[in-house]
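Same chain, two partners: chain A is paired with chain B first, then with chain C.
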Partner chain A sequence: MATKASRTAARAMMSPSVILLLGWMLIPLALTLYFSFLRYNLLMPGGNPFVGLENYEYFFTDPAFQTAVVNTLLLVGGVLVVTVVGGILLALLLDQAMWGQGIVRILVIAPFFVMPTVSALVWKNMFMNPVNGLFAYLAQSVGLEPFDFLAHAPLASIIGIVSWQWLPFATLILLTALQSLDSEQLEAAEMDGAGPFARFRFMVLPHMARAITVVILIETIFLLSIFAEILVTTNGGPGNASTNLTYLIYAQSLLQFDVGLGSAGGVFAIILANIVAIFLMRMIGRNLDA
Partner chain B sequence: MGAITLEKVTKSFGDVDVIHPLDLRIEDGEFVVFVGPSGCGKSTLLRLIAGLEDTSSGRIVIDGADATDVPPAKRGLAMVFQSYALYPHMTVRKNIAFPMRMAGLDKAEQNRRIEAAAAALNLTDYLDRRPGQLSGGQRQRVAIGRAIVREPAAFLFDEPLSNLDAALRVGMRLEISELHTRLKTTMVYVTHDQVEAMTMADKIVVLSAGRIEQVGSPLDLYREPRNLFVAGFIGSPKMNLLTGAAAAERGATTIGIRPEHIAASPDTGPWRGIVGVSEHLGSDTFFHVRIEGRDEPITVRADGEVSLHHGDTIYLTPDENRIHRFGPDGLRLA
Partner chain C sequence: MARAISTHRKALNTAIAWLIAAMIFFPILWTVLTSFKTEAQAIADPPLFFGFDWTLENYTTVQDRSNYFRHFWNSVVISVGSTLLGLALAVPAAWSMAFVPSKHTKNILMWMLSTKMLPPVGVLVPIYLIFRDWGLLDTQIGLVIVLTLINLPIIVWMLYTYFKEIPGEILEAARMDGASLKSEVLYVLLPMAVPGIASTMLLNIILAWNEAFWTLNLTAAKAAPLTAFIASYSSPEGLFYAKLSAASTMAIAPILIMGWFSQKQLVRGLTFGAVK
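Let's look at the complex of A and B:
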């Protein structure tokens, strides 16, 4: 873009998509904000009077609210821990030369291509079901009482299911990072007297820091809005033991038909997401600097 | 403290024999250079000594102890890699400290050695920078510093200067030579550049296709190359190799004569030719001379002031005492 003419042309070319994207983001955001200040219930037609912060008050004092926030953070944190740690271990494993490497790599990526509803259903009915599930069968075959995962450990079960879906993503990104590590560096460390664990701790892990940061940031964006897995498996229950913020907003705006309350929840979700983003960038953002 | 002996060492990768059975003795305190064309196995040989590759057979003895199966860290050798292999996320200080940290040296001793190495290598001002903020020559010095602080039995250098520009290379060459005279530690140095080999080595090992062609001091190799390969490899510009009548009348299959051992004259001499390209270096001029009946031009060194031009007739007189004669098997004739 050297000349003034080409810069002008570039701006003219880009403007339709920029305007479209802006509209796509700003109009729903503005409407959500607007609705959150109205008493707007689909079961009560008629005027939608302006009620100020009433919706927010109801949302924050809802008994499920605190649980939902805690569950959201537990879900994000739990899945992040499992996928990052598991992803590093799997990446180390897949980086070894072995027979059938190509097929194993494809198999490892596979879970990522299964849509969330399907994978959650498979887990719910084929693995975790206390009567017909594989886990129940395994428990019985060694003489144990079958464990009803979704009833007694609903959030942990969902963390497990979501981790299974996101593990391939983490593995893949971390594997490519691992492969870009200069082998001479590892050899130099070996000559310098670093054993396998020291090489991992001082060479491999710092080298992967940036990739780990990317995995954490991208996963956080998607994990804050986990919904399908909860809807399909536990419906947020038992009680509200597996309700996260997304599911709570869904329950209020679509099960109770309260658009105003749901919008208030949505605005809070945006704020929570930004708080999480700020903390994340504070903690690990410097890894992204070259 | 740093004598290395290789006994019948071989290395193969799958079916490919990279190193053929090979014996070599490196004396304590010697500066030994492995030199040879790309793919001759010189780097592999160095890595075998370092322990980064396992030998396929044979023994490696370091200071009288069999080190064939000793892991690299326990051999007491330090290596400087071609890419320097600095740790990019650590400062220069931490890079240099790393081997001592792994060895569990106490902090005060670590700092003393770091300061000493930094002072010796002009790195004192850069200790808190990261490798990414250093120039090529500085990185090279950090890599050497990291090797020095271990106080190794021997240093191994794997083409350490090939990533530097020409001017810096000459400077670093001197620094490494000086380091050697100061530390008096054994150094094994791999290069494909015969100028580096000639200028730095106490002993040159010429390798080709996984075999040792000749071992000797730089001047031994220059004066008495054992075979055609060494004759063509050592010396710059290359030795002229002639076959046919000129060789036959001296009782050899091939004769070699270095460009600096041929006198050029505009009017008298046994060989008559036409000047082709001439390279003026100021101090010297190299003429590429075409002689009738020969495809290959002969390279001749003349004084920088000799004025002969493209297309001029030139007469050449070889110094008969410095003609190298080789037999049909490529070996030197006595």
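Let's look at the complex of A and C:
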């Protein structure tokens, strides 16, 4: 039984975490919001006058904004398609009986533990480089011209790199969900004459639906903030061809030193992420009651 | 009854799975192999798989030229430091939420989680300016603080799901048997909580080690951990594949090994208990 004294103690034990997180959330948020209404450039001395919605106007009418929104959607959507479809297939495969399952699983999840800057640079140089990369060698060995991936298909290349990093995550979570499926039910269905496709469509897929949703939502939160991979491979270029919202806001804030403009972008990014977050939080909250 | 599977079928499964696993793992294997080549062998045409003279030269060169271990040490300090600080804050919090729940517990947990959904770039400007004004840019302590705060929700959540699994009745039983508070904590609670705390710690070190937004934006030369140091290879001069590979191999090896040990916890920690 929780006594009054223990409740007071519990509150005291919780408060450091709560207070720190509250500060971490509220102070920067309030400052971002505040800066977004100022004309505030670190390179221009003088007061930082209040300019109302001017920064938002600049941010939304900047041609780079539209490109960045489209790129962000393509990047998130592209990686989601590859990792979710690939993850389902891999999870189904890894769930089969085989020799050395443990080792296969270790090899498959390994990319998730590679730091973003390493995986981006390894892919950029050792695979996608048009002169010395392995892909160029493979292309030449079958008589094709080497392709300069990051110059001619920068966004698709980054989608490829990021998918390689996130495929293990999707696979691991979907596999965990798959393994909780009752195999006797599947056998019963098989005996009743359900083919492999029917079993997948009407039994396996509905069972995994929840895990798939969780994968999509969590990946979306992280993928909206993809940064390091773009920074070390293309710097957002050529032009703005691989600039996403995160990179655009970074460039405005820390490369052009336009604090006001970057803050307006930041507010937009926060709203965008919150839309996704609401759905994710609902799913997790439902699970907490159960 | 388990389904009887023909050896034939099993062999086919094995072959396909190993082939795909090898393809997924290949970039890592290739990096490790390249790290033992000379720069000329690293870009040899045709590519060399095993028939080259293995050398450790790249590892020593990387250290000599760029003081690699300084950055390695920064990574260790930042990831371990932020994890320990996070645990110190989160253990009491998760403990009280699991054992003395109130009607607000769920709301507090959900709210903590929501702070994790905040896109870092949304608060980049104020954090950068605060760090600049307080002299925290490019310092270990600055990064320890930021990484503690961004990972605190995950630590609290993971610990909470582990502590929830400790049955409260055991505590009551111990108390009835006359255990003092001290021995209750020491001999009953702690042994049951240690595995959960250990897995939380492991996963959090991995996440902090690989964090590549704040580490890139808040450090320069002095406090740069490996994420930021490796990024400096993006504009190289001359031949550098073998050195890049050596630097990369050392950066990912420790975390790869820890990651393999924490597969199961990964699912729990990254889905906030939504998938078990």
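Please note the rule applied: the second predicted complex is superposed on the first by the 269 of 290 C-alpha atoms of A that agree within 3 Å, B and C clash if a C-alpha of one lies under 4 Å from a C-alpha of the other, contacts with A are read in each partner's own complex, and residues count from 1 in each chain.
Throughout what follows, a residue touches a chain if its C-beta (ideal position, glycine included) is under 8 Å from a C-beta of that chain, and two chains touch if they have at least 3 such contacts.
Quick caveat, the model's predicted, so the values are computed rather than measured.
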{"item": "Side-by-side fit of chain B and chain C on chain A, or clash", "value": "fit"}
{"item": "Touched partner set for A:Ile284, first chain B, second chain C, both or neither", "value": "second"}
{"item": "Partner chain in contact with A:Ile218 - chain B first, chain C second, else both or neither", "value": "second"}
{"item": "Chain touching more of chain A, residue-wise (chain B, chain C)", "value": "C"}
{"item": "Partner chain(s) touched by A:Thr61 [first = chain B, second = chain C, both, neither]", "value": "neither"}
{"item": "Cα-centre angle that chain B and chain C span when viewed from chain A, reported as a multiple of 10 degrees", "value": "80"}
{"item": "First, second, both or neither for A:Met25, with chain B first and chain C second", "value": "second"}
{"item": "Partner chain in contact with A:Met203 - chain B first, chain C second, else both or neither", "value": "first"}
{"item": "Chain B versus chain C as contact partner of A:Glu187, first or second or both or neither", "value": "both"}
{"item": "Contacts of A:Gly262 with chain B and chain C, given as first, second, both or neither", "value": "second"}
{"item": "Minimum distance between Cα atoms of chain B and chain C in the superposition (Å)", "value": "6"}
{"item": "Contact residues of chain A, present in both the chain B and the chain C interface", "value": "187"}
{"item": "For the chain B and chain A complex, residues of the former touching the latter", "value": "50-52, 71-73, 77-79, 81-83, 85-89, 98-99, 102-103, 132, 146, 150"}
{"item": "Of chain A, residues touching chain C in the complex", "value": "2, 6-7, 9-11, 13-14, 16-18, 20-21, 24-25, 27-29, 31-32, 35, 90, 93-94, 96-101, 103-119, 121-127, 132, 134, 137, 141, 164, 167-169, 172-173, 176-177, 180, 183, 187, 210-211, 214, 218, 221, 224-225, 227-228, 231-233, 245-246, 249-250, 253-254, 259, 262-263, 265-267, 269-270, 272-274, 276-277, 280-281, 283-285, 287-289"}
{"item": "Chain A-touching residues of chain C, taken from the complex the two chains share", "value": "2-3, 5, 9-10, 13-14, 16-18, 20-22, 24-25, 27-28, 30-31, 34, 43, 45-47, 89-90, 92-93, 95-97, 99-102, 106, 108-110, 112-115, 117-130, 149, 152-153, 156, 206, 209-210, 212-213, 216-217, 226-228, 230-231, 233-234, 241, 244-245, 248, 251-252, 255-256, 258-260, 263, 266-267, 270-276"}
{"item": "Chain B contact footprint on chain A (complex, rising order)", "value": "182, 184-185, 187-195, 198, 202-203, 206-207, 209, 290"}
